[in-house]
């Protein structure tokens, strides 16, 4: 039963990706990205990372994706841009991606991962994550907060300058 | 006279004697300009008078002490210098010593000093910087008293150079006149040469005693020196000459510098550029006698160095004669007296040389009286005539009776006429020289003859001076003659006081033939070393009487000749001078000594100075600049070489890189994708690399 | 109420002042000068306290402050003073205070001048109190920098040449010192920690020196290196040509500091570093040092007589006086000479400071220093002539004034070990008297020179800077014990250490 | 594909490569951003998968992988914010977001 759900979510994640990569209409790409992210959230839940899944939905989709869509809408005036570069550029990209994909798949399947013998029952993880965040990983947590603050200020500054046409 | 003042109380007052004049000097020096002139005079004279009173009190305290050998008071003030090390230490106290020798000098310095201060009030009236004058005079008195009362050699050296400083300041008192300033400088530098000898002698003495007593002698106190002086004999002689003699000679060099004897006397005649009271006080009565005092103070050293004593005697005798000859031909009244002072000092050194220490001091005292009187008399003459040149004077007897009378008293004293003090002391010296048994056989007799001849010459040139100044008609022009006047009483009173002293002065040191006690000799006894040969052994009185008669005869012939030449037949000197023209000219030019010194010392020194100045400028500095130029050239060379070879290579390399750079530049297309490609390629390459190796 | 780290406070307090001055806006020069003055008063007060509370009989270092500074190389922030450094620190504090007042009429780049001056003051005191070789070297180099700019910017016409010459000369010296310092660092192992050490007190005991530092040639070369480094600073004759140029071109206050204190760095360095660290070499070099001292005395005096520029004359007279110090320091058979030498260091500081201040007075008015163009100044400026008279007579070693005592002690002391050298040196006092009196006569005596008839008399401010020095000169002449008992014990210890 | 570690890795690799392809070939700046999001999510998925399946050694406890993904999300958020700000300001200046037009930083 879990295999089925698992395969559903895999398809849910992979298929829209092709739209994101290839579609000539940027709006379609944005919305297909939405679906991929939902797929990934589902996979997280399947992997017992319920807290991460919820975060994925709220932050990633609710925050970042909305932002991107907002960006797309802002810049969507006038003619539709030819979305990808001329042929030779694409061909080279495809070949490169293929090679790297092959290498990754090879390594994923071939190596003997030290998989745990028995998979523990997935329990609620948010309490444990909370402890970890404010215990062992306190410093990264603080640094992340500083990073976000910096990004915030940076974004405001850049946006403000552009608006005033400097 | 049981002791009116108990010694302990007196001992604590000792420091007042030098410090009162110092206080006077400081007050006049710093506040002088603001004080009224009368107060300046009062401060000046009062401080010296008070010092005189305390000296007299000291004198009586000393007399009060029965036991002659206990007759000294020492007042240690404070620790002056202290350096300690393992094998010993060098410690000096500032301490004053009052003993018969120093009290005699003290009395002379403060007594005569006070009279001269009084005289200066009149003489310097009208001069605009009197405060500075009295400050310097007081400072001089302080230094002289410090010299006399010092209890150790280094403190004496402080007084020694202090008087040199004051004589420099006072000689160049009217410093606006360049040649007077130069005279001051000359005096100081010649004194400094003498002090060089003194200081080296001091060092040699200290270290010989230090090594001799392996570390127990730590200072230069006279008591300590006196007790340890025999150690000198045990010390090994240098260059064959005994150490005591070396030290004695070195100290004598200091004495010649200070008391203007043969080699270093040249500064005294020029020192006449100072005001006359200064000449009287410093260059007749006190400072110049410092040399004699020093030798008498170190008599225990000289007694064990007969060779040094002989040298002192010979130099003294020769200087006496030499200076007297020059005095014959001088026309400046003060210069005649200056040379006569040098001559009399020669006598003193002669006396000390033949170990007649008390006689030397006796002549010092009497000389202080009549020479000061002569100078002050000359001062009041100059004050009236406004010129030093005797040829412009003459016939002043009528106009200045007081000065004339007192001058005559001093004139008779110096010429050696019996009752006067001059005769008594000079004859005592001749007698001591005659009896002396110096290392060289017959030297005593030869020196006696020389002394006798000098006595004659002294009588002659003094008569010449008196004749030219007071006798005959006034040669200084009519209008000047009109306002010739006697000096004010403030000037004539000291003259009279000194006249009395020079007449009566002889009584303190009566010769043996008179069977009366020689007061001074007995008083000074304990200070002088025991076997001072002052001629009181059993001897034929008739011999002494005979010699006395001979010296009286020589003196009278001198006076007669002088009277003959300059009063009876004035044209005679002209004829004699013509006949011995060359010899006269040499004497007149003071044996060209100044020119010789100039050529011998001053000019080569200046050449050496200029040489070293230039040497320093272009050789050493040149070397430095040369080295900088060489490095500059060398660096240029390197620069050139660098330019051609190294630079070429570097430029070539630069070219290569430039071309590669251009090639790579195309990679920067500006398209983001290309950058991303290179990023991805880079990472991928890295992974492959990691994987393979 | 004294701060406990007294030495550190004293050294770095002027630096605070310098820092403060940097913030004062350009428009208030007097405020800057006020701050500079205020920055020198507390150190002067502390130096006085230091002098009073210094234990005369203790031989070790006092007021010691030792804090590890650079652990990697075992370098400590190590301060301490003994008999030799107390008079020097007192002299530095006093002269800095006086020089600030003396440089009141500097009015271009005021901020730069006073800030650099206070930095110089700090580094000078630092050198005198440093007991760690590394720290000594740091302060030694730190002293060069402000001095270079002070001469280079506020100096006279040829200031660049003089500044560069001064800098290069001293730099060569300090390079040699650096090499020797490293040799000692690597050649010594601290018994307690087994580390190399810069600490002078530890380096002083010979057992710490490793094998290669015990070989004669190494020790000889080290001593020579140090000796040349310090000789340049003293300056001894072959290395002296920077001094006249530096003095002529430096502004008044700076040449006072240069002559008053910087010249003592050389001799102080020898006493603090060369003697304790290489006592056997000190004995071996003694004769060579004494001869150099003698040459400095005679040669300095001769050159002084040949000068026409007043400041150059005084510069050469300083060389001559420092020759006495060198002569005194190279005698180890008694302490009289070395006591005289250290006393002469102090006296020369006060006397030459007075001389340069006096030249400053005349230079501010007449803007020339050529001796022959003056004449008869005593008439126009009697008080000034009085002060100069006192200074000249002090400089030529008149008894009753301070330098006589030190010169007499040096001569008496060195007579025991070097008879001929001392006698020739004693002729030096005649030459000194000659050139000072000759200058006195050419400038002050003689007829009043109309050109300078209207020169104003010495001002109150200038008199205020001169009076304390004059008092010291006269006081130490009659009663030198205040300084002599201060340095006695330490020098006895030093000589004992060198004689070994 | 059954529920196991390799299958998850395959999915994340696919995501990663597609994201990369998008980045390399998109002319639209925001398209590239989307590509980057895919890459980041691919990596996040990898982490979570490993934290789920791997034997927990004494240094990394069970949840360290998830913590890491959390931080990736945080970084992604910051990154998008700044990137969009830049793109929008470029857009307002150049009136186009075509990557080709941003060439003036050429060598």
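Letters A, B, C and D mark the chains in the order given here, with residues in each chain numbered from 1 onward.
Keep in mind that, in the parts below, contacts are C-beta pairs under 8 Å (C-beta built on N, C-alpha and C of every residue); 3 or more make two chains touch, one makes a residue touch a chain.
Predicted model, so just to flag it, every value in this text is computed and none were measured.
Asker: Hey, what chains does chain B share as contacts with chain C?
Answerer: Of all the chains present, none is in contact with both chain B and chain C.
Asker: Between B-D and A-D, name the chain pair that shares the greater number of C-beta pairs in contact.
Answerer: Result of the comparison of B-D and A-D: A-D.
Asker: For which chain is the distance between its Cα centroid and the global protein Cα centroid smallest?
Answerer: C
Asker: Averaged over CA atoms, how far is the centre of chain B from the centre of chain D? Could you give it in whole Å?
Answerer: Each chain's C-alpha centroid was found; their separation is 106 Å.
Asker: With chain centres defined as C-alpha means, what is the inter-centre distance between chain A and chain D in Å?
Answerer: 5
Asker: With chain centres taken as the means of their Cα atoms, state the distance from chain A to chain B in Å.
Answerer: Centres of chain A and chain B (C-alpha means) sit 110 Å apart.
Asker: So what's the Cα centroid distance for chain C and chain D, whole Å?
Answerer: 72
Asker: In chain B, what residues contact two or more other chains?
Answerer: Those would be 673, 677, 680.
Asker: Specify, in ascending order, the residues of chain D that touch 2 or more different other chains.
Answerer: Residues 20, 24-25, 100 of chain D touch two or more partner chains.
Asker: Give the residues of chain C touching no fewer than two other chains, as numbers and ranges.
Answerer: none
Asker: Touching pairs of chains, all of them, please.
Answerer: Applying the touch rule to all chain pairs gives A-B, A-D, B-C, B-D.
Asker: Which stretch or stretches of chain D touch chain A in the complex?
Answerer: Listed in rising order, the residues of chain D that touch chain A are 1-11, 13-22, 24-28, 30-31, 33-35, 37-38, 41, 44-45, 48-56, 61-64, 66-67, 69-71, 73-82, 84-93, 96-98, 100.
Asker: For the complex, give me every residue of chain B touching chain C.
Answerer: 78-88, 90, 94, 154, 157-158, 160-162, 165, 168, 172, 175-178, 181-182, 185, 188-189, 192-193, 195-196, 199-200, 202-204, 206-207, 210, 605, 608-610, 612-614, 616, 620-621, 624
Asker: Per the contact definition, I'd like the list of chain A residues that touch chain B in the complex.
Answerer: 85, 89, 92-93, 96, 99-100, 103
Asker: Going by the contact rule set out above, which residues of chain B touch chain A in the complex?
Answerer: Per the touch definition, chain B meets chain A at residues 673, 677, 680-681, 684, 687.
Asker: Using the touch definition from the top, list the residues of chain C that touch chain B in their complex.
Answerer: Touch residues, chain C against chain B: 165, 237-238, 240-241, 299, 302-303, 305-307, 334-336, 339-340, 376, 378-379, 393, 398-400, 404-405, 408-409, 411-413, 415-416, 422-423, 426-427, 429-430, 433-434, 437-438, 440-441, 444-448, 478-481, 484-485, 488, 491-492, 495-496.
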